[in-house]
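The following pair of complexes shares a single chain, subunit A, combined with subunit B in the former and subunit C in the latter.
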Partner chain A sequence: MSINHHIGLANIGIKVATRYRWEAIASLIATPVSLIIYYFLWKSIFTYTGASVIRGFAFNDMVQYYVLSMIVGFFTWSQVDGWIENDIVNGWMFRGMLLPIGLTPWYLSFEMGINVYNIVVQMIPIFLIGIVFFGLPIAPAVPFLAFIMSIVFAFLIYFGLAYLLGLGAFWMKRIQGLRKVRRMLVAFLGGSFIPLAFFPQWLQSVSHFLPFEYVKSVPILIYLQRVPVIESLLAQLAWVIALYVIIHFVAKMAVRRYAGVGL
Partner chain B sequence: MTNIIHVKDLKKQFKTVKRGHGFVAAFKSFLKPKIEYKQALKGISFDIKEGEIVGLIGPNGAGKSTVLKILCGLLWPDTEDVRVMGMQPWKDRVKYVKQIGAVFGQKTSLYWDLPAVDTFYLHRDLYDIPAKEFEARMKRLIKLLEANEISKTPVRDLSLGERMRCEVIQALLHNPRLVFLDEPTIGLDIIAKEKLRDFIVSTNKEKKTTFIITTHDMQDIERLCDRVIIINHGKIIYDGPLDEIRKKYLTDKHIEIKLGSPAKKFAFKGCKVLESHEYELILELNTRKAKVQNLINYLLKNFDVADIVVADPPIEEIIAKMYQT
Partner chain C sequence: MKYPRLAGKMVQIQLNKDLAYKANFIISILGMLLGDFIGPLVAIIIYSTTLGIPGWSLDQFLLFQGTYTLVFGLGHVLCLGFFYTVYEAVERGEFDKYLLKPYNSWLYIMAIGIDWDGSPEVLFGAALTAYAMIQLHTNIISAGFLAYLLLVAVGVLFQYTIITLIASGSFLAVKNEALMQTFYKLSDFARYPLSVYGVGLRFFLTFLFPVAISAFYPAEALLRGMSISNIVLVIVPVIVLFAASLWMWNMTIRKYSSAGG
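Then we have the complex of A and B:
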């Protein structure tokens, strides 16, 4: 696949992301609002318990954690399973199938376009807000670069998980219920609700062998320099490779399935 | 001319889930779906030469779309003997679809929320069309189909006819050798239909593009197609020029007679009275049972004939009869 295919599709992704002006503006406002809610929630928890450090997090660390969680969330995000379900249920899948591009790059490039939009209009502004208002420290060069690498891996893992579920729609057609489960799992085991340090030890150990924490928790902790960089990146890379090997085969089966029954 | 499409003994079976009506049936179907098999194609063979315009017609559910989907690479058939431009469409999909264009009139290939021109540029990138060539071609197509304003409006705001023009541009931008049009004139007004037909004919003449068209509009067939393939119940029941249908299947003539004085009783073997008024008769003659000449002689002898029109029944009627067999 040439870079032109990729850019062409990413372009479309950006255009789709901006097609409805009010939706774009509303989602811009929604994120800072949830940040403010988390801020006051933890403020009251710290005041109520009287503790200055909970599970290794001081109040300021906690705020920084959530600011970073938002920032990472803009990038490691995908609704590819929703797109696929939509295309299958509405019979639009033929459009992608008639174009000279593989199924996986078709969706991946499109989603990356949406993410480019998110970086520019959401991620960078929240970064600045975090630094100015919430005391987010600017990480030193090495962890910062590692953070960038880590969120790219995190995106590929998140996309891979969502895409695998989306491919399920080739057999099940409707996957709304499973999509909800997927979102909950990633939010809970990925560390969006609370840092994984709050989980019991056994769950934390199990979680190392699941892909979810590599989507969110790991990039955040890399930025905050709370985990070893090399190990974490390698673990992420291993998940990326594993997922895309599986995807390669499942996508082939899905296309075969599509053509077999004429969805 | 070489064959661009070769299809031999093509078969395809579908699996469907049958479900009755009502709550109990729905519950039963949920627990144990009742599966039935339907033979959509029962062995179809044809060859198409480069540069032909072929009409694929047949009643609903006859298997037209199945054939079209197989030829577009969207469906795997149960048999293997299909070659289009030397390839099996369903294998190596990416390489194959690069050389074809397709319009499915009932669905859209354009991004619904974006202006069509965005989809055009996406195609430039996906089909690796050189920028200069692309601009020239797009301009030409937009001009020919008068789609300048239309292509800059979000697709969801376009009328059916406007959208269809953009769909056709989309299908031809990469200069495919072979184009599939599935009901391209559906829902268009007469002028729009004519323009689209002219465009198809001129593209075919200039570029030797091969077109496969499915339609329910016989005008499309009469204006466009050198050849028709009629499919019914998953089999080809006719393959040849449209005129041949008339010769082969046309057993009836319609005869309209205007009379100078009121009609008497009419009786002629092999001839049916369709309508009878005081000064007018409309007859249908079965040409296998009697000759037109004999009927006219009989009429002139027994009636005060002011005018006679002998005509073929419209092609729709002939084909409708073929569908019923």
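Then we have the complex of A and C:
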């Protein structure tokens, strides 16, 4: 399969994303709201606690952490499980199956197209807002490049997790419940609500063996130069490989079950 | 009584539909409970590593969070479906069917829009609030508790207000789902006590976009007491906005063109 096929599929994703442009714009307007909330919340907590550093984070570090959390979130966003569920419920999955490229590349390229749109409309503006209003420093070249690599891996892990869950729809048909659980687990254990350094030690140790922190926390900490780069990227790569090996086998089993009748 | 009866029927139908996919049904409830549980979990983590939010002990903050979950859960059950029913009907050009019925369109759609999906949120919010009240030895036979109940009810009224306003916008803009997203994002301000924000935001969240009525003022009335004049002061903006939302509904419904979008 040539790169042109991928670009073609990504174009479809971009077109679908532009259909939801008002949602993207609303999200862009609304995102600073979260930053403002976290800003005031942590300002009051730091003042009340009377400490300049809590769990290795100064107040400015916390603000930057949340700005980066939004940026990484826009890049890694995927709701492929929702698309798969929709295609199964409506009996449309045959469209992807008839293409000579395989289901996984079809959905991956499609989601990448959506994310290209997210990067332009949401991620870059928030990055600029972060620099201008929230004091986000521009990382030096090497950590910045490592950050870019890390968010690409993070996207592949997030997509892999969502895709694997989406394959569950071949058995269960409806998977909204599982999707809710997935979103919550990734957000909480990924460090979206609070940096993992605030977690109890046992939970931090458990978290190292789960994929969630590699989706959000690790890219942020790479940007902030708080974790060893090579080690972190290798761990992310290991999760990418592991997930796609599992997907390969599960997808084969799933496709065999497909009847194409919808609900 | 016809509207509550209608709402009851809709819940029955919805439940039957959901039970057709039992595994999804059970996981959905667990997912919702897990989502609700994360708020208190983050609060516990914050309070175990810092002194917490100024003026709020952990139990007081859990009471605040329980109230927030309860009010938004009630909003989910009672009025969220209203918006989607209107939105989808307007988008497909099918809203006429509601106008032809011999019912008040607002009450009718509110009744059929009841969404029991939010009930785990309501139960969790109520349980968390009850737990915090027990920890705080709160006396429920008190003026403070009465004020709490009144303000929770007004918090739910605010949910009706916003949903009605956004749904009215569907008649003008057709595809206005993004406004719902913006509402929920702005509502995030209410997730933390008003005391953490600056004066300008406090004013905004009390009088212009009075979402602070969803948790801050009820919790404040219960924990520290509020004078009657202050209670009236925070209720009035919601009532004015609610009246404006009904006026807006009646005005915009005349603009409906059956064209879809």
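Before moving on, here are some points about what is shown:
Just so it is clear, the second predicted complex is superposed on the first by the 256 of 263 C-alpha atoms of A that agree within 3 Å, B and C clash if a C-alpha of one lies under 4 Å from a C-alpha of the other, contacts with A are read in each partner's own complex, and residues count from 1 in each chain.
Just so we're on the same page, a residue touches a chain if its C-beta (ideal position, glycine included) is under 8 Å from a C-beta of that chain, and two chains touch if they have at least 3 such contacts.
Keep in mind that what you see is a predicted model, and the values were worked out from it rather than measured.
Shared-chain residue A:Ala146: touches no atom of subunit B or subunit C.
By the touch criterion defined above, A:Val255 reaches subunit B but does not reach subunit C.
When the two complexes are overlaid on their common chain A, residue A:Lys180 makes contact with subunit C while staying clear of subunit B. By the touch criterion stated above, A:Ala154 is placed in contact with neither subunit B nor subunit C. Between subunit B and subunit C, the partner in contact with more residues of subunit A is C.
Legend: residue contacts after superposition of the two complexes on their common chain; A:Gly91 is shown touching subunit B, with no touch to subunit C. Touch criterion not met for A:Leu167: it reaches neither subunit B nor subunit C.
In the superposition on chain A, A:Phe193 contacts subunit C only, with no contact to subunit B. In the superposition on chain A, A:Val227 contacts neither subunit B nor subunit C.
Common to the subunit B-facing and subunit C-facing surfaces of subunit A is no residue whatsoever.
Residue ranges on subunit B touching subunit A, taken from their complex, read 14-15, 66, 69, 72-76, 90, 93-95, 97-98, 100, 102, 104, 107-109, 111, 113-114, 118-119, 121-128, 154.
Looking at the complex, you find that subunit C touches subunit A at residues 21, 23-32, 34-35, 38, 41-42, 45-46, 48-54, 175-179, 181-182, 185-186, 188-189, 191-192, 195-198, 201. Interface of subunit A with subunit B (complex): residues 2, 4-5, 7-9, 11-12, 15-16, 19-20, 91-92, 94-95, 97-102, 255-256, 258-262.
Per the touch definition, subunit A reaches subunit C in the complex via residues 22-23, 25-27, 29-31, 33-34, 36-37, 40-41, 43-51, 54-55, 172-181, 183-185, 187-188, 193-194, 198-200.
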